[in-house]
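By written order: A, B, C and D. Residues from 1 in each chain.
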Amino acid sequence: MKYIILLFLTCLSLCLSQAILAQTASSDPPAEAALVPSEPPAPPGNLTLKDLPNDDGHGIAVKWDLSPDDGAGAKSVISYDIYRSLSPDAPDSLWKKAGTVVLGVKSYADKGNRESDNDDYLPKKTNLYYRVYAVGAGVRSVAAAAGPVQAYDNWFNTLKVPELIFCVVFLILTVRFINMAKRGIDLYVRPLAGIEAIDEAIGRATEMGKPILYCLGIGTAGDIATIASFTILGRVARKVAEYQTSMIVPCIDPIVMTIAQETVKAGYADAGRPDAYKEDSVYYVTSQQFPYVAAVNGTIIREKPATNIYLGYFLAESLLLAETGVMAGSIQIAGTDQVSQLPFFVVACDYTLLGEELYAASAYLGREPLLLGTLKAQDYLKAIALVCIFALLALRVFTGADVIHKPFDMPWW
Amino acid sequence: MGLIISAVVIGGGLLWILYLSIKGQDVDRRIVYLFVGATVALAIIFRLEFGEVATPIVKSVFDKIENLPAGSKIVLSYDFDPAMAPEVNPMANAFIRHILEKKHRLFFMSLWATGQSLLSVSLNDVLKPEFPDAKYGVDYCNLGYKAGNEGVLNVVITNFRKMFPSDANGNSLDSLPMFKDVESLKDMDLLISVGGGKPGVKEWVLFAGDPGKIATAGGSAAVSTPLLYPYWPRQLIGLLGGTKGAAEYEAELIKTHPRFKDKGMPALRMMGPQTMAHVVIIAFIVIGNVAYFRSRRKGKQS
Amino acid sequence: MKRQIPLVLVFIFGMLLAIQYFVPSEPSQRGYEFVLDWITIIGIFAMVLGIWSQVHVGWSKIKHRSENWQYSIVALVSMFAMIAFGLSPFGGLQGTIFRLIYNNVFIPIQATIFSLLAFYIASASYRAFRARSAVSTVLLVAALLLMLRVLPMGPLADPISSIGSWMLLVPNLAAKRAIAIGVGLGGVATALKIVLGIERSYLGKD
Amino acid sequence: MTSKTAMRILTAIVALIFLISWIMKSGSGMSDSAFTNVRDGFLVTFAVFLTLSIFSFLYRDNPFYKFAESLYVGISAGYWMCYGFWSTVVGNFVPRASRSLSEFFHVPYQEHADHILIYIPIIFGLILLTRLLPKIGWLSRWSLAFIIGATAGLNLTRYLRSDFISQVSNSFIPLFVDWKGVGDFVNHISLAADGQFIAILSNWVIFVGVMCGLVYFFFSKEHKGAFGVASRVGIWILMVTFGASFGYTVMGRISLLVGRITFLFGDWLNIL
């Protein structure tokens, strides 16, 4: 219980910080004006500079008060120009234009370049001076000047506190449950049809005397879905070796191929049949999406594998592979974290691991306490997410909900 | 003629398959492939077009342009790139035809750097040959592209001349007669944005149409259309979504102004194979279900 | 040596990069960029392994005259021809022959393979969209509604496209979020298992 | 007639059609140079042959498909190697490794780069190549360990931001958008953001959907009772989404086929 309350509070704080961040990120509403003047607008006032927080030491935060003619007065401001220089009284040619913002905006994050030979180089720990002009139609105001200011390195990004909290909570939970599992406390996991099917599928392949095709998707070793797929591949290879069937693993990337070879070899060794492993069963095809599909489709139709397993990162080839597998009469098990491809796998394959199930599969297959522990930790974090959503909604209802059409404004497409 | 042949071939085939599957025979996947390929091919060869009927969301844009008094001021913004062009360019061309046919004043502009060249293609391929009487500066003008995304809208809603000292060809705005009574976007009668990305229709609504209370319409690629639906009917008077929306507009245009009939309506033509293929796929789903329920009933009886 | 050093390397680099995320300072940023560069450069060496695998598999097929060995010749010859044309004396990536082959052989095949999806999407819907159970009926109805949107449906067109859009907007968003939250957790859990050495099957045995 | 003879006859017919098409295409070429016409005629005909070969896979696997497939894979692999060579080796590696090599490839030499650090990945790369030597092949695991460790570290924290935290915080949506009655919904199905009924309904669906979807993904709890109901609702929401996305994609896929058939009828047969 203690834990839950603690977790709840941490989540609350992190979500609040998110909400505040979201608020500050939104820009001011557009201002209205109506006149065309030809004389220069009044300059912006009260220019303040400070080191840009949470950066690599090459940024300055510039703030000013809107020109009296911005949206009011003569309404003649179109935009603001921000200039920087190393000396307060340098000639105009030595003032570098750092940026432009449209009317109504009163701050600018001047993120300079970190390389000294770059045109936009912003030196670290050096006195810098700034000028901001209000720009009208073909004219600009006198400058608002300020300085000096220096840019510094930061050693911790305070905007990332939420992630840190979550990482720590996750780590603590994982360790706790792993210890529980090691002590022999039985951790229940619900059955997953797709994973149980893997066992049956390997048995079926043995009966039919046909191979199993394992496709790691088109991700590189840099995709976490591919890495999750390796962890499953190891266990599938072990079972394949135990059942004395064969497997085919076509790969789209040489590094993926290399890791897959090690994984399959280890699986065979685990099953006590290291000499049954054939190096050519895990091979490289080509590094492009459609040629890879063409080759795998050819393999499927010619070898007629008893089972096709597609786990990892997939794009448009999901349906191309899965339908060819249907033609070949294979049992098909798929899984990916790509939401856009799940519909095709769901429609064309016999079993589909949806999103997180892909990551959970290795724990299911291995049934080792260490792995089941992380599974339990994942569930707890999901519970925390649920509680967070509930709590924040309650908060909004009780404190007078502000009407924002969040679902329609989010770029989640 | 083509329609009859296609209808007989495809319809007859589908009926035959339905009959077979009711009798309990399974349909081979190759038959499905054959039907999909044949329908698309027939539709392309015979240039089949179907009577697209404008849905209210499209009809309202059409009616707006149709019913505005001649000489109304309309902005048409090209907010797309060549990748999106096949889908949305037909909309832009249909708008040009319709607007000039109704003798409105047309102001071209673009929030996308890539829109500029597509815009000049439209000017040269559609506007100049089909409306030789339209005078530059009187009936239409091209403001061209200005950098600044929605910031541009922020400015032109208060004043055009601040953002556009001159048009795309370097003429000062005051030298163009059509700008005589135009101060800002607020003097416009209708804003139309054609595009599918950002900035696009949504930005026109949020930064121009809404704050200035100006009627706004849009055309967008199919991917982003669902995102824009929420703005209709209040903030957007209408919306053309993807090839389908464009085809509906073209159909409406041909119906009201038959002289465009032979101008080649790319969206309508594209919808032919699409419609046919969808009919075939839906028919197969129905056949599959009929066969399934029949076999299940048989299973129960025995 | 064979198992311990790799595990230590995994732990060190995993931890360093995980911590790097929180540190915005310049050395940390540069270190991050270096590691990304290193992965690319190691990728170059991996290409050698790729070619080796291809040649090895192809050659052994040809040597043993196993089934379809002729096509291995086609693949190997076209690969080496393409490499030869893509090298400097023939103009590199912009060379005439290289471009010609790319535009007239590669692109048409690519487009055709992609277009096979039109057939596959039809046969998949025919086979799978059957009202077998409540869940599959939901799947069927949702798909059917979205397909009907394309047809000229007269007075029904507007409600159908409204409901279709709504389905693409609202339930879609909910499902994507639920999946994304799970995927986020699963990804982190997998990464953690790797860094901590709980999961080590990829490092082989012995 | 054996299938082998049939295949031979078929190949002969295909070759004949190919030849006729080549001749016709070359004859109708637009260019002044005969060579260009003959070449373009060949290329168009060859592209058509490959297109049809790929389509023939829909009927069943056959030598034409096998040929097109092998050609495609080979060209792709070669293309990829060249591309990797020019972009990564010449573009990324050479400018930092050696001045003379940079001059040879006409790329600007990077004076300021840390030239020593570039040798670390080279060492890792060479270690990776020990795979080819059976005796010390296990050394290659060091490089794999580096890559996997780096990937895992990168994903450990970055996944949290995009997939977890932002999704959770985006789920705080108003469940009671300023309620004005049911008018809009009854008169007209409107999805307008300010059409309150639909907006509220939508937000509730999103809220309930996310909740139930998450419940579905619980692994360590039995899906029974209220929990089971929630997980059923979760799977329904997922299925609506999958169905809708599937139906929605059909149009895009048909467009691809239209493109190919237009190529066959237009660019090749000239009947459009």
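Throughout what follows, contacts are C-beta pairs under 8 Å (C-beta built on N, C-alpha and C of every residue); 3 or more make two chains touch, one makes a residue touch a chain.
If you're wondering where the values come from, they're calculated on a predicted model, not measured in any experiment.
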item: Inter-chain pair with the most contacting C-beta pairs; value: C-D
item: Inter-centroid spacing, subunit C versus subunit B (mean Cα positions, whole Å); value: 33
item: Centre-to-centre distance between subunit B and subunit A (centres being mean Cα positions), rounded to whole Å; value: 34
item: Subunit A and subunit C, separation of their C-alpha mean positions in angstrom; value: 16
item: Centre-of-Cα separation between subunit D and subunit B, whole angstrom; value: 27
item: Multi-chain contact sites of subunit A, meaning residues that touch two or more partners; value: 160, 163, 167, 222, 224, 227, 255, 258-259, 262, 285-287, 290-291, 294, 302, 326, 342, 344, 346-347, 354-356, 360, 375, 378, 382, 385, 405, 407-408, 412
item: Subunit B residues counted as touching two or more neighbouring chains; value: 29, 33, 36-37, 40, 227, 229-230, 244, 274, 277-278, 281
item: Residue numbers of subunit D (touch at least two other chains); value: 54-55, 57-58, 66, 68-69, 72-73, 75-77, 79, 128, 131, 141, 144, 147-148, 151-152, 154-157, 159-160, 164-165, 168, 170-171, 190-191, 193-194, 202, 206-207, 210, 214, 217, 238-239, 241-243, 245-246, 249-251, 254, 257
item: Category of the chain touch graph - line, ring, star, complete, other; value: complete
item: Of subunit A, residues touching subunit B in the complex; value: 29-36, 75, 78-79, 102-104, 136-138, 326-327, 405, 408, 413
item: Touching residues (chain side subunit D, partner subunit A) in the complex; value: 54, 57, 60-61, 65-66, 68-69, 72-73, 75-77, 79-80, 112, 128, 131, 140-141, 144, 147-148, 151-152, 154-157, 159-161, 164-166, 168-178, 193-194, 199, 202-203, 206-207, 210-211, 214-215, 217-223, 238-239, 241-243, 245-246, 249
item: Residues of subunit B defined as touching subunit D within the complex; value: 30, 33, 36-37, 40-41, 44-45, 222, 229-235, 242-244, 270, 273-274, 277-278, 281
item: Subunit C to subunit B touching residues, read off their complex; value: 118-119, 121-123, 125-127, 129-132, 140, 143-144, 147-152, 154, 157-158, 161-162, 165-166, 168-169
item: Sites on subunit A touched by subunit D in the complex; value: 14-15, 18-19, 22, 115-117, 160, 162-163, 166-167, 187-190, 192, 221-224, 227, 255, 258-259, 262, 285-288, 290-292, 294-295, 297-298, 301-302, 340, 342-344, 346-347, 354-357, 360, 375-376, 378-379, 382, 385-386, 388-389, 392-393, 396-397, 401-408, 410, 412
